[in-house]
Amino acid sequence: MSTEIILRAVQSARDAIHANEAEIEGLDRAIGDGDHYINIKRGADTIMELSGEMGDKPPSQALKAIAMKLMSTIGGASGPLVSSFFLAASKSEGIDEPWTPERVATFVTDGVAAIQSRGKADVGDKTMLDVLIPLAKALKEGVDAGKEPAVLRTEAVETARNGVEATRDITARFGRAAFLGERAIGHIDPGAMSSYVIVRAICEDL
Amino acid sequence: MSTEIILRAVQSARDAIHANEAEIEGLDRAIGDGDHYINIKRGADTIMELSGEMGDKPPSQALKAIAMKLMSTIGGASGPLVSSFFLAASKSEGIDEPWTPERVATFVTDGVAAIQSRGKADVGDKTMLDVLIPLAKALKEGVDAGKEPAVLRTEAVETARNGVEATRDITARFGRAAFLGERAIGHIDPGAMSSYVIVRAICEDL
Amino acid sequence: MKKLINTPETVLDQSLAGFGRAHGDLVSVFFSPRYLTRTKKKEGKVAIISGGGSGHEPLHAGFVGVGMLDAACPGEVFTSPTPDQMLAAAEAVDAGAGVLFLIKNYAGDIMNFEMAMEMFEGESASIIVNDDVAVESSTHSQGRRGVAGAIAVEKIIGAAAEKGYDLAAVKALGDRVNSSAATIGVALTSCTVPAAGKPTFEIGDTEIEFGVGVHGEPGRRREVLRPVDEIVTEIMGVIKEEISPSGDVIVIVNGFGGTPLMELYLVFDRVAQLCDDEGLTIARSLVGNYFTSLEMQGCSITIVNADDEMLSLWDAPARTAAINWG
Amino acid sequence: MKKLINTPETVLDQSLAGFGRAHGDLVSVFFSPRYLTRTKKKEGKVAIISGGGSGHEPLHAGFVGVGMLDAACPGEVFTSPTPDQMLAAAEAVDAGAGVLFLIKNYAGDIMNFEMAMEMFEGESASIIVNDDVAVESSTHSQGRRGVAGAIAVEKIIGAAAEKGYDLAAVKALGDRVNSSAATIGVALTSCTVPAAGKPTFEIGDTEIEFGVGVHGEPGRRREVLRPVDEIVTEIMGVIKEEISPSGDVIVIVNGFGGTPLMELYLVFDRVAQLCDDEGLTIARSLVGNYFTSLEMQGCSITIVNADDEMLSLWDAPARTAAINWG
């Protein structure tokens, strides 16, 4: 069932976060306040604890439970954003039907749109959206073009990698890094990095 | 006049303190609170500023002025002790008569006795008195034995050096080092060290 | 990392528990979700709720009590609290005259409070504090950070609510105090978030961060430590340009947690001299550690261009752990 | 050395000047010699004067005012003030009922106060505070150091004098509070005396000094940092042996200047748990930075075995920069 996929994805995401502690933490220490790793780790760990109860719920309820739990666990800037993603995904059309590539592309697109409407940022603002907006777009276009799941996954990782790299040489308009002005240039955005490692892990593990 | 000797001695003492900053400060940092150098430097510097007004006063008044100034300048444990020395010296019998070796031995003895009665410490307590009590005694005995001033001076420096060394391997019964118990062993007492460098400088310069 | 703690995970709850024990006469502490309320609710009064990441103590918990806040929501260290906390607090302290949320201008705080306000069913309004003029607001869309000016806003609107101002009036006053306030901070050392275990930023033995944020965010520039009179003069110059103070001012010299009070009063002396030179009257002042950044060394200077209403509300009674006068 | 100062020589006077400007309603500051008095003298009241080296702010200047001290004499940083200061202060505040000198037990303080008392012509008495039970008093003749117990002594005898106790009664009460109090401190970092420019002691990245003195003097031992619950348990054990507390106690968790309030409340939580376990009632508590050691990180715990008289005097009004209640 699709909820199993969610649980496996959550597991992958959590492992990816743990495995990239030093990198993510270092980036937020460089251009933020140093807690991004702790925040998303706290979120991911808590969701893992939920896994037991979630196995027999439909995806809409599992995603909503995840959203509410993340909302009350992460805090900071990333909490509402990440939580908005899951809340929108839980309401995405056909989420409880068997998952097809179209359906995945749709709920990812809905989720990313929710992050955008909560945080007001866009591509080029040096945030997680520099990874997520291109990712959602690539996924949708790939699905529309009828690409194979394996290709979609490879391209997703590729797109995410380009997105995270693109945050390096720009100033930030949102998040704490915005306070840095020019001094943010040369540093990758921590939220973009954590999004990238999660995307990569999920695409590789599933 | 004897007051000139006092002024030259003050100058020598001040220079000696400045020249031994690192050593004195390090000792008080090791077994006290690190301010002994600053305290006696502040005292010596202030007395130097007084010098101008003191040249034409008799020794009794010059010594009393020094005592009062030190009393209101040094503070800490060393302030009252050093100031007591000068106050007692100012009242020492025959202090305004021309200075003979006997007279010097007498006022030094009186001054050291005043330190002892103010601070209650004795030889072996790991304080400046480990230098000063043997010094006063040696001076008096030397004078009684009719030794030459040059010999008296050499012996005074020798006695002071032995005194300062004697503070190394004992625990303290007075001053902040007393709080250290056994941990004070191995460190020379800062007040003994500053007394020693002053005694040595005065004996060598005069 | 050297801290008087057991584990990073238990810092916040144990500290809140201790705060609750020490000030049980003033506040009630709740843990799941985490919030504090003043012990006695006053019916018909506008309820004021603030909150933010922990690590800034005494703010905000230390300002809960009669004459200031009705509730505070402490987040993890330097991390915004979550909407469920604000929601629970709002439901607990709503006394029929609406709830005012006092938010400091950080993306996380704004978004979490926004979600709480969307969920809260009672009447509510919000004030966003953004007094940190170290950051030139033109360069980014988040705008200035909310820093020690929050202390003045909380004191003054707390007194207004206690006096019976309605929700709209409390909000209008709070916005006015906020726009009359300007703050700049300077850091000598970093702070260390318990869960991170390492200093938030690196800083050389002779360097300071001019314009630092209260989470150790960078400011205008990294520079060599100068005599403090020069630093204060520059800060006061920037503040003057931003809010053109005149007549009566409230001065807050706020320590970041690791700087001795001795130095804070010394800074205040320089501020006072400069106010004299400018013809400003220091009508009220507050010197001490009120909006800290864990153990960071440094301080901020806040000037509030004050009118008589603000001054009389500043003087009004407050009974909180950190501010107790009048 | 990183400090918000101009030169080490001017720290004390500039800080005092700032303190005077910030609290002109409470105190008057004099510079030559240096002392502070409360603004309004109360005729017929026993005058209480304390003093000691600076660097422990808010103590003692922050305790000058109605209900606590009549005057304070600040020495150079960590250096006893000089007799001329105490003498000038005594002459200024003597209100016809005698002067009580409150001295902390350090060789320097004792000798300088003694000289002042020899010179002072009015009636006087003295209390020597020596509550630091970290130091086993048998090993040296100076006895225990005077540390944060001084806060309780100053608060309680200040209220007693205000109530009209005579000199002998104030002294007897102060001696009683002192002997009912026991304190132990622990340091995580050193402090740096401005004039010295270097840390007072070296301490490793994972080391603490158990039983440290308020000038960074060594305590019982150097050891590896442990979970704070363990440290507090050991401290409370030593205190218990020394003063066998029972019934009502006053607890003071005092920060040394560089430790966040968050950690102090966390320490207090553990103290409170242990009091519960021992059947002790925390009748009053004080958590914060009151008797600091410049920027040193760490804290001390004080327990005062309190009777009803002490508690009611603790609650009595005080109007000072640092303690303002009742």
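In this document, chain identifiers A, B, C and D correspond to the written order of the chains, with residue numbering beginning at 1 in each.
Everything below uses one rule, namely that a contact is a pair of C-beta atoms (placed from the backbone, for glycine too) under 8 Å apart; a residue touches a chain by one contact, two chains touch by 3 or more.
All figures in this text were calculated on a predicted structure; none of them were measured in a lab.
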Pieces of the assembly without chain D, by contact: A, C | B
item	value
Distance from the mean Cα position of chain B to that of chain A, given in whole angstrom	74
Chain centre separation (chain A, chain D; CA means) in Å	54
Inter-centroid spacing, chain C versus chain A (mean Cα positions, whole Å)	32
Where chain B touches two or more other chains, by residue	none
Residue list for chain D, restricted to those that touch at least two other chains	none
Topology of the chain contact graph, where touching chains are joined (line, ring, star, complete, other)	line
Interchain contacts (touch definition) - all pairs	A-C, B-D, C-D
Residue ranges of chain C in contact with chain A within the complex	33, 53, 75-85, 106-108, 111-112, 114-115, 135-136, 139-142, 145, 193, 195-196, 198, 200-201, 213, 215-218
Complex interface listing, chain C residues touching chain D	2-7, 11, 14-19, 21-22, 54-55, 57-58, 62, 77, 186, 188-189, 205-206, 208, 225, 227-229, 231, 257-270, 272, 282, 285, 287, 289, 292, 294-295, 297-299, 324-325
Of chain A, residues touching chain C in the complex	25, 29, 32-35, 37-39, 42, 71-81, 83, 118-120, 125, 171-176, 178-181, 183
